[in-house]
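To keep things simple, chains are lettered A, B, C, D and E as they appear, and every chain counts its residues starting from 1.
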Amino acid sequence: MNGKQALENREGLKVPPFEFVALEACLEAACSCLEIEAKTLEQEAHPALDKLTSKISTLNLERVRQIKSRLVAITGRVQKVRDELEHLLDDDEDMAEMVPAEISLDANGSSTYEGDMPNIVNPRDHLFGAPNMLGRDSHGTHTSTIHSAVSKQLDVEELEMLLEAYFVQIDGTLNKLSTLREYVDDTEDYINIMLDDKQNHLLQMGVVLTTATLVVSAFVVMAGLFGMNIQIELFEKDKTGPEAFFWTVGGGATGSLFLYIIAIAWCKHKRLLE
Amino acid sequence: MNGKQALENREGLKVPPFEFVALEACLEAACSCLEIEAKTLEQEAHPALDKLTSKISTLNLERVRQIKSRLVAITGRVQKVRDELEHLLDDDEDMAEMVPAEISLDANGSSTYEGDMPNIVNPRDHLFGAPNMLGRDSHGTHTSTIHSAVSKQLDVEELEMLLEAYFVQIDGTLNKLSTLREYVDDTEDYINIMLDDKQNHLLQMGVVLTTATLVVSAFVVMAGLFGMNIQIELFEKDKTGPEAFFWTVGGGATGSLFLYIIAIAWCKHKRLLE
Amino acid sequence: MNGKQALENREGLKVPPFEFVALEACLEAACSCLEIEAKTLEQEAHPALDKLTSKISTLNLERVRQIKSRLVAITGRVQKVRDELEHLLDDDEDMAEMVPAEISLDANGSSTYEGDMPNIVNPRDHLFGAPNMLGRDSHGTHTSTIHSAVSKQLDVEELEMLLEAYFVQIDGTLNKLSTLREYVDDTEDYINIMLDDKQNHLLQMGVVLTTATLVVSAFVVMAGLFGMNIQIELFEKDKTGPEAFFWTVGGGATGSLFLYIIAIAWCKHKRLLE
Amino acid sequence: MNGKQALENREGLKVPPFEFVALEACLEAACSCLEIEAKTLEQEAHPALDKLTSKISTLNLERVRQIKSRLVAITGRVQKVRDELEHLLDDDEDMAEMVPAEISLDANGSSTYEGDMPNIVNPRDHLFGAPNMLGRDSHGTHTSTIHSAVSKQLDVEELEMLLEAYFVQIDGTLNKLSTLREYVDDTEDYINIMLDDKQNHLLQMGVVLTTATLVVSAFVVMAGLFGMNIQIELFEKDKTGPEAFFWTVGGGATGSLFLYIIAIAWCKHKRLLE
Amino acid sequence: MNGKQALENREGLKVPPFEFVALEACLEAACSCLEIEAKTLEQEAHPALDKLTSKISTLNLERVRQIKSRLVAITGRVQKVRDELEHLLDDDEDMAEMVPAEISLDANGSSTYEGDMPNIVNPRDHLFGAPNMLGRDSHGTHTSTIHSAVSKQLDVEELEMLLEAYFVQIDGTLNKLSTLREYVDDTEDYINIMLDDKQNHLLQMGVVLTTATLVVSAFVVMAGLFGMNIQIELFEKDKTGPEAFFWTVGGGATGSLFLYIIAIAWCKHKRLLE
């Protein structure tokens, strides 16, 4: 029962094994770095998107495109770290292999220490570098094996807690990035609807202007007809006075305006114009 | 067999353990809060979308965009709670660790009570704070271990029922939110098709107007030609009467109308106009 | 061996337990109802989509939008039932808990019957209402436990077959709905391409008409120039005859037609017009 | 040990059980049929898409739409067969139940043979029709059970190999179909960009033509002004010669051309025209 | 304990079994080949996309479309290799069957060697060709079985490390390809927004030009009206001088310019023009 007590003492003093400290430092560094990058990107993305919404220019589009590229890259990296952590947490066997072999050292006194510190970039490469515990433990006595199993179990739980904490952090970063991605996509949808809507307003303006041009052309026709050199009584100086001219001009103008109002009203009735 | 009977009496009186009451209160608060937010959002979303459908303006677009942002945020939170509940329900081990250790207290009388109330925001952090049952139970007698196992099993089932109930509720909220999301997306598709269709109607109107302008311009050409100062017999006052003028005007007008009708009929035949 | 024989006799007579009949009735009702709704929707969707394809109007768009909303709602309900059935089929433990406890009644004669009829709307709520078999069976003798296990196993298989049958049916309904969804989406893509293509044809028509207007305007310029009051020999009555007028008109018309043909040919060469 | 030897002999002679031959025939028929349909569809899809790319017409769009519908339908069927095969391969229990019960016949001589040939259309319906091996084997002796288990294991592996082979084939068909789907989607994206690009070219042509019309209209204004009847010295025959007419016409033409060149250059400078 | 020591010696000399060398060579060839293809595609894709962004032409679109087709094809192949490796790594049983049977040869001396080298293209076909270890090992002694199990376990781990290394490599290639895919999609979104934005600028230019045409037409009307042959005092040579002509022209020009400025200002106020 001595080995067990010693272990509990150490537990009480809360001196975590060296490997856990190193692993925690690595995870801390990786997660913080990714979180800071995500935050920086978020802070840059919002003004860039707002600028693009207010004014679409090649420069603003290019900036948003670069932000999207960076977003994809960071999301990929965060996703990878998150997947590795989730994979470790789901697979109890892998976790057991990650726990350093110090317990076995206590019991046997032999130099079989072969702990491996998982590399964050591609932890799977190294996770399986340690020989199988089962095989090694068979050298020890039955009692020490039980002790090992108990304290190993405790270490696995400690490791699980450690990984869980960073999993929650990296999961939060991933959520932030996917929310940002959704925001970028929604902004693009918004810009597309806005552009389509503006296009329709421009086409409506075009219809109004073309209607006006048509009516003015009709007025030109009238003036052109009275400008023809085919003689009628109206053109004779001694038969008609200047009032004929003004009646003609006034009649043409009134008729044109009337035509224009009818055309626009018809378009509004047909819901082509607002 | 006494411990077992005591347990059954307590079961008969239906006094759930304190931890379950606390957990139920937390879940109740979290689920209700999310459900109310989802309902509020739904009630705001429908009129906002209907307004956007009837009139596309920067204001309405901005409102729908904010509703989409809130929808993404709430969906993320609901999804997180749902995933945690599902994870707990799927993983029987985790659930067993969540059941408070009061049974072990009954049997041994020792103060090893270390129940943990899962925090809803990030339950995984705390779920593994309790020491391993297996290790602790090895202090007790064989009989009490069996009793513990039986009553623990019952507690796990009670916990499962509790979690199931809130899982169903939160799943319903998630369904409501994803239906809302689908509705927003369908409305956007609808707006896009409507805008494209209106655009085509405006372009059709443009074609009709340009055709009319072309025909009127042709009439202008005719009037302009007769307004040229190159003398022909038609222009001589004593050879032609006013009826020549009216024939010219009438001929021009009829010709123009005829041209216009042919052009529009051709366009309708080609399915360019409706 | 009596209990076992009795069971086999009952098996031979093929009298399924009451709970299975009830469950089958519930599943039959739920699956049929959903299938009928899916079929009705499908029968309504095809003509509505065909109408929308032939003529895009607010009415037709609104109808298709409502069909999409109903499609999302029914798909959600079918998906839920399917997921529950799949969950039950995958999880053998849950299924074992669903099998009514009549066997245990045979062996012990005690009143521990606590079968639960799963509710289709949210079966998970009720699935765990039955006390654990393991705990209860410990009252019986070792022999009856084996018999129970054997016949229970048979009941689980019968239940599995029952659930499988409805799973296949509901899976078929889900497939039908997702095919319908794909059809709706494809129709929307088709409408979008059609609208864009028609838009291009309208713009091409616009280009043709504007070209014609330009050429006619050039003709107007010519007529206008000869209508200027600056005197040239051509305007003198005694120097030129009516053939000058016709030459001018003819030249102008020919020139305009020539310009128009060149412009249209150039556009066709540039692949702007078809 | 006789039963075992007999089995091995049969194994040596490579006479696969009747059920495997039947199953292989079914799988062969189903997979070949689906693969041929997929190949036919692929061969029809490529020319249809190429035609649509070169010329968008209602006919070509309708053909591509039908190809998409067929693609969705075939993909659904292939996916279903693939999922069933994957499900069988993943679930060792189901596979064990599929192995015909001939071994048990060897050992007991009883008529408990109840092999079932899985139906490809909905195999799950029938997969569980065989009674549980465990229950039946308990009638046999301990030795025969071991033999059964060994030879059954061999049969399961043979079945696994058979299913694997068809799984690879159907997976290849599915890959081909999803590649085709991607190709169709890419073609649609391509058509959309092409249509949008052509639309812009048409609008550019429209801008060029409207600019030209505007300039010609300005020329008309000039001619119109000199056609006014307000007398100036220029209009007096004896004061100005025909060179005034030609100077006016030439000046107007030059000015118009100059205006047009400036306008187009400005548009090109603003990147509106290419 | 001799077999075990021998094994450890061999381990110390690091002579990997022949099958592992062969498998490594296959994986090396496959992964390198796919990685080189992915890199080549990436190097071709970026300039092609940049060219398409700067100028949309049928040629550039066709090139990007071909790059997308190749991207889909390579991604499919990489995904397949990755899925196979992941499947092997997840399924410990399959891996155990892949380890060559040399250990069993050591212990028994019998010729039961039946190692199979997995084929990379469709490894599943061949993975199950080896007879079951369990069945075969039952011929050996109990001691050798333990030794086999221990050394087999070591081999499985070595194999796992080998597969892990290539899994990481192929996963990296897949990430690169999916990043490229995202880049292509983002570029398409970018091109679409750019095209829509340019379209709006062209329509704005159209509105400006149509407004100018309308104003010029109004000027034509004025000139046309003064060109009518209806006599007014203004047309009498002896009553008005040339200043009347210039006042008319100047007034018309000023009025037109004034109208134009008001129209454009109104459009800018309405946010139709920028």
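A few remarks follow.
The rule we apply is simple: a residue touches a chain if its C-beta (ideal position, glycine included) is under 8 Å from a C-beta of that chain, and two chains touch if they have at least 3 such contacts.
This is a predicted model, so every value here is computed, not measured.
Shared contact partners of chain B and chain D comprise C. Chain A and chain B touch with mostly distinct residues; of the residue numbers seen at this interface, under half occur in both copies.
The distance from the centre of chain D to the centre of chain E, each centre being the mean of the chain's C-alpha atoms, comes to 17 Å.
Look at where the CA atoms of chain A average out and do the same for chain C: the two points lie 27 Å apart. Multi-chain contact residues of chain D (touching two or more other chains) are listed as 192, 196, 199, 203, 206, 210, 213, 217, 220, 224, 227-229. The touch graph of these protein chains is a ring, one cycle where each chain has exactly two neighbours. Partner chain C is touched in their complex by these residues of chain B: 150, 153-154, 157, 160-161, 164-165, 167-168, 175, 178-179, 182-183, 186-187, 189-190, 192-194, 196-197, 199-200, 203-204, 206-207, 210-211, 213-214, 217-218, 220-221, 224-225, 227-233, 267, 272. The residues of chain A lying in touch with chain E in their complex are 56, 58, 61, 65, 68-69, 72-73, 76, 80, 122, 124-125, 127-129, 131-132, 134-135, 188, 191-192, 195-196, 198-199, 201-203, 205-206, 209-210, 212-213, 216-217, 219-220, 223-224, 226-229, 234-237, 240, 242, 244-245, 248-249, 252.
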